[in-house]
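Following are the structures in question.
Here come two complexes built around chain A, the first alongside chain B, the second alongside chain C.
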Partner chain A sequence: MEVEFRLPDLGEGVAEAEIVEWHVAVGEELSADDPLVDVQTDKAIVSIPSPYTGKVVGLGAEEEEMVAVGAVLVTVETADAAVGAAPEAATEAVSPTQPPPASPSPSPAREGALASPAIRRLARERGIELESIAGSGPKGRIQESDLGTTPAADLPPGGPASARPSAAPLSGRTLPLRGSRRLVAEAMSEAWRTIPHITDLREVEVSNLLEARRLLKARLESRGEAEAAQALTVFALLATIVAGVVSRHPAVNATVDLQQRQITYHDRVDLNVAVSTPQGLLAPVVRAADTLSMSGIARELQRLGTAARDGTLAASDLTRGTVTASNYGSLGSPSGTTIIQPGQTAIVGFGRAVEKPVVRGGAIVVGSVMQVHCSGDHRAMDGLELQAFTAELAATVENPALLLAERD
Partner chain B sequence: MAAKRAENNPSSGGTGVTTPGLAAEQLVEAFRQMLFARNLSERGFILQRQGRMGTIAGAQGQEAAIVGSMMALERGRDWVVPQYRELAAMVYHGVPLVQIFQYFMGAPRASRFPAGTKVLPIQIALAAQLPHAVGLGWGLRHQGDDGVVLVYFGEGAASEGDAHEAMNLAGVRKAPVVFMLQNNGWAISTPLKLQTAAESLAARAEGYGIAGEQVDGNDVLAVHEATARAVARARAGEGATLIEAITYRMGPHNTADDPTRYVEPEAFEPWEGMDPIDRARERLGAEGLLEEGVEDELRTAIGEEIAAAAAAAERSAAAGPEGLFEEVYADPGVRLLRQRSELIEGNR
Partner chain C sequence: MAEPADLLVVGAGPGGYVAAARAAQLGREVTLVERGGSEGGIGGSCLHVGCIPSKALIELADAFHRSTSSSQPGLTVSGANFDLVAFQGWKAEVVGTLAKGVEGLLDGRRVRRLAGELRFAGPARAVVASAGEPARFIDFRQVIVATGSRPVFPPGLQPDGRRVLSSTDVLALSELPGSVAVVGAGYIGLELGTALAKLGVRVTVIEALDRILPGFDSDLTRPVQRRLEALGVELRLGSRVRAFEGEEVLLDEQEGEGRIEAERLLVAVGRRPNTDELGLEALGISLEPGGTIAVDDSMRASDTVAAIGDVTAGPALAHRASAQAIVAAEALCGLPAVFDPLSVPEVVFTDPELAAVGMTATQARAAGLEVDELKLPASANGRAATLAATDGLTKVVLERSNGRVAGVQIAGPHASELAAGAGLAVEMMATAEDVLATIHPHPTLSEGMHSALEPARRTPVG
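On to the complex of A and B.
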C-alpha cells in the first residue's frame, strides 16, 4: 500500500520548513529510521528519519522549496499495511496504572467544525458559518486560509471584513522567497526591527575630489600602469576616505549586543561594499580597509566587483564586515536612504554627483554636488557622534587635501 | 572545561560507612543501563522528527552521571526527583517505559505512576523540583521513614533562586537529600563561563553547611561511589550532599535545539574519547567482564524493548481535550468544571 508522510511540527510551533537536502530519490528502497531529508526551520537544520520501510514513489517538494507543516513530504510504497506510524490506530488503551478519577460525565462525541478560538472569532466577524466550510488542516481543522477563500459577495456589506483587505485572496503571481532574495529579506527585516536608525544627510561639492582623481589617474597612466589607473574609480577614493574617517570614530565601527548588554568597538575597519549583481545585491568585504593604501583598496574593489558579477566570490569575501558603504549613485540616483546591516552600527551612502548652482566666494557658480547619507544605530551613538562622523567625512570628500592631515 | 577526576575522599564521619563499589554483575548492569539510556534518547529524537512525539531532551554523554547515581539508590526505599533528562532513572525506579512515551505523546495520565513508585513526575520548570525534593526528604523524616531523596538538576538550574533556597533549607533541616548537579557545560546555548564565575559549583555546599564534592561525571564507577557515600550520609542523619558531576552534553539540548549555531567544533575536542559508554566498555573489557558479542545482544534486546514500548504508547488512546482538566486537582472547582463542560459540549 502507499503511505504518505507529512511534515511534522519539528520545533515548538514551527509552521514551515525549507527542504535542504533529500537523502532518497524516487524509486529507491529505504528502511524505517533511514535518513530521509534535511530541512531547515526557523530554529534549526533537522534531519528527518523515515517512519516507513518501502520504496519511494513520490517526493512532495524540491530542494530549496518551502513546505508547510502537514504537507506531504514523501509517498512510500510499503510491503504491508501494518508497517509504519499509523498513530490514529487507537486499539487498546495501555493500562492507566491506577483507575482514573471518576469523570463527572463521559465525553460525548464532538460535533461541529474543528477550529481554534481565533478562527471562530474571525468567522463570527465575517458572518461565516464554520459548518459550511471544509477545513484544510489536520483532521479537517479550519484554518484562516480556509476563511479567505469564501467569496467576497457572501460577506456582509460594510462589515468588519471590509476592514481586512488581507483576507481577500491575493491576485497576481505569488512565488516562494528563496536564495539570496530571502537572505536579504531576513537580514533587512531584522535590521529594521532591531536597529533604531538616525540619519545625517549632507550635500558636498565634489569638484576637488573629481580633480584629485583626474590627477591621480593621469599620474598612473603616465607611468604605464593602465590597470591601476582603471581601478581608480571615484568610489575607490570615497572608500579610502570612509575607511580612514571610520577608524577615528569608534561608535560607527561597532557591534551592539543588547542581550549581553554590551558594545564591541572593533580594532579594524572591515568595509562591506554594496554591489549590484544579476543574482541580487551582494556586500563583499574589503578586509582591514583602514590599513590598505588607496591603490590597495582600488585593486580590492575591482577584484570583488568582478568576482561578484561573475559569481565567483569566495565565502570569505562575503562575511559580515564592521561597517558598510553603498555607492547607490552609480545606479543613477542622486539621493537615497540606507539600512544598517545587522551587527553593524553605521552605513554610508553616496549619491550620483549632479551639476547644481553653488555659492563660492559670494557668487553663484555651477558645482558638482553629491549627497552623502550616513545612518547610525541610535543604540550605539547619539546625534552628536553621528554628526561629528558625517561632518569629518563630508569635509574630507569635499577637500581630499584633508587626508594630508592624517599624517600631520 | 576539561573533565576533572574526582577527589574521592571516603567519608570519615565514623558512622561505619563503607565505600561501596559495584560488583561484577552490577557493573555489567550499569553498562546495560547506559546503553538503554542512550537508545531511549535516540529513539525519542527519531520519534519526534517523525512527528510522533513532542519535544524531548536527550541524555547523550550524561549516561554515566545518570546511571551511576540512580544505581546508588535502593529501589522501593529511596526517591528519585527528576528534571527532564533522567528518563532512564525513572524507568529503573519503577516507572513503566510505556508511560515515558505516553508522556511525550501528550497523555496527561502518563505521570500517574504505579502505586509505590518512588519517582516524582518530570519537571520542565527549571529548578522547581529542588524545593520539592527538600520538602519530600524533610517530610520523610517526620514520618519516620529512612528513605533518601536524589534530585537531578543542571548547572543552568543551579543559577535559579529555587536552587539556593532548596540547598539552604536542606542544610538547616538536615534533609536527607542528594543534590545531583549534572554540569554538562551548556544551559541550552549558555556556556558555563557565562553561567558562573566560580571554578567549582560543588564549593557552594560549604555556604549551605552541607557536604559537597566534584566527581568525574563520565566515569560511572566514580559517580556511583560518590552517590553511595552521599546516600549513606543522608540515611545516617548527617544531612544533604551536593555532588557536581562534570560531564558533557554530546548532542543538542533537546529536539528544538541546533547546537551547530552556537558551539564551535573545537569545544568538543577535550571530550574526545570521553564518551561514558566507551569508558565503561573499556573498564569491563579490562576486567574481562564483557564477553564477545554480549554488547550486540544487549543492544538488540534494548532496541526491541524500547521500540515495543513506543509502539504500545502509540496504540493507546490519545488524550481527548477533557484530559486538560484531569490529573491536576483532586477537586477541580466549579469554574474548571464549567469550562470543561463548555469545551466538551462545544459551547464557546
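On to the complex of A and C.
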C-alpha cells in the first residue's frame, strides 16, 4: 500500500521548512531510517530519515521549495498491507506532543503563489521567479516589498522617449540565495533596516583572564577531569562574564516592539553564541546562562559547538535568545563590528588577544590586549546605558576577580 | 526608392491600432498600414462588421421583443415597430464616431497611416499597393503582423449577398426576410439568430455538433438553449447542410435526410487567420496548421517580427488582440513584456448572456489543480428577479490549497458586464475571503459571484 509521510512539526514555532536536498528519488527503494531529506528550518539544517521501508513513488516538493509542516513530503509504496501509525519523526527536534495538522496549510512558495498582475510583472522585470519567494502577505501573498528594494525599471511616462534595451544580465555566476545564507541575509537586512546601532569599543588587558583560565584548567586536570578542562575555553570564561553582567543591565537584555510601542525586559539571559559551521553561521542558544555555573556554560558551549559543526543541532537549540556574544577573534580578527539580531537590543564581540605595549605601574610592559565591541539598540538605550554596560563588562574581563563582587 | 520605417504595423484592428499607439508612446516612429474595404478600416472587423454593429442590432432586437412579447410583465405596447433603414443610419454614425476616435488617438501619437494591401517582399521589405496609386516599397526595422481573420464558408455556401449571407451581410440588412436558416451554433450564429428571432424572423439553427456553443460548460448553455426554444428558434443539432435550393435547405442528419424551409441562409461556421496573402514566407516565418503564426510569449515570431490577435493561435477576440498588442509593442521596444494572463474573458451576447473568465473546473483539474466549484442559480439573485430573467447561474472555481478564485462562469442577464469584475478577482488572485470582504452593492447582478462564495466563508474551528 501507499503511505504518505508528512513534514513533522519541528518544534519551536517552525511552520515551514525549505527542502535543501533529497537523498532519494522517485522509483528508488529505501529502508526505514535511511536518510530521506535535508530541510532547512529557521536556522538549522535538519536531516529527516525515512520512517518507512519501500519504494518511493512521489516526492512532495522540489529542492529549494518551501514545505509547510503537515504537507506531504514523500509517498512510499510499502510491502506491508498494514502499516502502523506514522512513526514519530526521527529527529530529536520533533515534538511528539504536536502531531502534524490534519490538513496541511498551503505553503506560500509554490507554483501559483498569490500575486497581483502588477507584482507578477515587476517580478518579471527584475528577473525574479515568484515560485522562489515566500510572500509576506495573507496566505503567502507576494507583495512588492517581498521582491526586494531594487527600483523598478519604470516605463517612461508617455511622451517622447527612446526605447531602451532590456537590462543586461549580470556577468559572473548567479545562484539562488538559499539555506542558511538566505536566513542570515534576511535577518541581517531586517536588523540593519530597523535597528539604529550605537557602539562602544574598548581595549582590555586580559593577562589576568588568561591566568585565571590557566589556574582553573590546571585544577580540573589535577582532579582528572580532562573533559571539563578541555571545555574551559577562554570564550567559556567570557560568556560567563557576559551572562552575569547582562543580567544587571536590563537595557541590553530586552526586545523593542515599535509597532506596539513597548519594550520587554527579559528576566533571564538566553545567550546566543555565534558559531561558524560548514553550512554557514549559526547562533545556538545557551539557555538561562545567568543561572548556570561557569563549568555549566563551558559544557553547554562545547555541546553546542560540536552539534553545530556536525549538523545535529536540535531546533530547540536554535531559537532566538535575548542577547548575543560573538567570538570572532577565534577566527583571527583582533577587531570587528557586529550587528544586533532582530528581537534583541545588544551584541558583544570579542577580538583576538594580541601582544601590545601597555602601561602598568608607570612602566611600559608587554600585555595581552583584546578588543571588546558592544553594539546597542539606540531605541532601547542611550550611550549612557551602553557605556555603563560595556564598562562593567570590560572591567570584569580585565579583572575576573570582580566576579567575586557579585557574591557580595 | 524604398521608404524607411522604424516600426511597421500591418492591420488597424483592435490589435494593430493599439500596438501602433503604444509603440509610438514609447518613442517609436510607427507606420500603420490598413487595407480598408468592406470588412474593415481603422478599428478593424470588430468596429465595422463585428462586435460593435452586432451589439447595436442585438439591442434593437431586444428592445423590440420586450415591447411586443410578454417577456416584460406588466408592459403592453401598441404599435411597436422598427425601421431598419433608420437603424442602419444610426449604426453607421456609431461606427463612424468610434473610428474617428481611433484616428484621433493615432494622429495624436503621430502614427503615420497608409492605406493599401501589404505584401512582404523580403525579410525587411514590404510593398503596399493601393488602387490608382503607384506601389510603395517600405524598408522596415521591425514589424507587427495584426491582419486579423475573416469568415470561412463551406464549399457551395459562399455568400452572394442575396440568398446566402455572411454575418456582415446580415448586419447591413435594411429589410428582413421572413425566415433564415443559420448555419453554425457558435457565438456569431446564435447572437445573430437570437436577434433575428426577436425581430420576428423564423429562425432555424443548423449545427454539425450535437450541442450549441461547445466552448462553454453545458450547464451554462442550457439556459440559452431553453430561451432559443422559447423564442421559437428550431435547433437542428448533428445536422449538416447538403444543399440550398430555392427556399429549401437540404440536410444530412443523423436519422437520414432532412429539409427545412428558409428564404435566406446565414453562414457563420468560423473564421480563418488572414495570413495566406501576406507573403509571410519572405519574412522566413512559417505557419502552424490552421494558418496561425507561431509566436513566443512576447508575441515574437522572430527577432524583428511580432504577431498578435487572430493571426495567432487562441480565441479570436478583440480584447485578446489588444492585450497582446501592448506586449508586442513593449517587447519590440526591448521591455520585458510577456503575455501570460490568468484570464482571457469570453463573453457571448446570447439571451441570457454568457461570460467565462479564468479556468473552468474541468480546465483547472486538467491542469492538476485541486478545485471546488461553487454554484448559485440566477433565481437566487434579487436583481435578476426584477429583470424577469432568472434562468441562469454563476459558477465560481476556487483553488483548494490557497482559496483563490481561479475562474468564474456566468449565464445570466448582463453577464458580459460582470466579466470584468470577475476577471479582476482572477487576475489579482483574490481569495474567496477577499471577494467576501468586498461589499457588493444590493440589489445588483454583481452579487451573484459574492453569494456563490458564501459557503466558502471561513468558520472558526471549535
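Structural remarks
By definition in this document, the second predicted complex is superposed on the first by the 242 of 408 C-alpha atoms of A that agree within 3 Å, B and C clash if a C-alpha of one lies under 4 Å from a C-alpha of the other, contacts with A are read in each partner's own complex, and residues count from 1 in each chain.
Note that in this section contacts are C-beta pairs under 8 Å (C-beta built on N, C-alpha and C of every residue); 3 or more make two chains touch, one makes a residue touch a chain.
Treat the numbers as computed from the prediction; the structure is a model and nothing was measured.
Legend: residue contacts after superposition of the two complexes on their common chain; A:L304 is shown touching neither chain B nor chain C.
Contacts of A:L282 after superposition: neither chain B nor chain C is touched. Of the two partners chain B and chain C, more residues of chain A are touched by B.
After overlaying the two complexes on the shared chain, residue contacts for A:V24 are found with neither chain B nor chain C.
Legend: residue contacts after superposition of the two complexes on their common chain; A:P117 is shown touching both chain B and chain C.
When both complexes are overlaid on chain A, the residue A:L216 reaches neither chain B nor chain C. In the superposition on chain A, contact of A:V56 is made with neither chain B nor chain C. Shared contact residues on chain A (touching chain B in one structure, chain C in the other): 110, 112, 117, 120.
The residues of chain A lying in touch with chain C in their complex are 106, 110, 112, 114-117, 120, 124-125, 138-141, 153, 155-156, 158-166.
Those residues of chain B that touch chain A in the shared complex are 46, 48-52, 55, 96, 98-99, 102, 109, 112-115, 252, 255-258, 260-261, 312-318, 320-322, 326-327, 330, 337, 340-341, 344-346, 348. The residues of chain C lying in touch with chain A in their complex are 25-28, 330, 332-336, 338, 340-342, 369, 399, 401-404, 427-429, 431.
Put simply, chain A touches chain B in their complex at residues 5-12, 33, 43-51, 85-87, 89-98, 100-101, 103-105, 107-108, 110-112, 117, 120.
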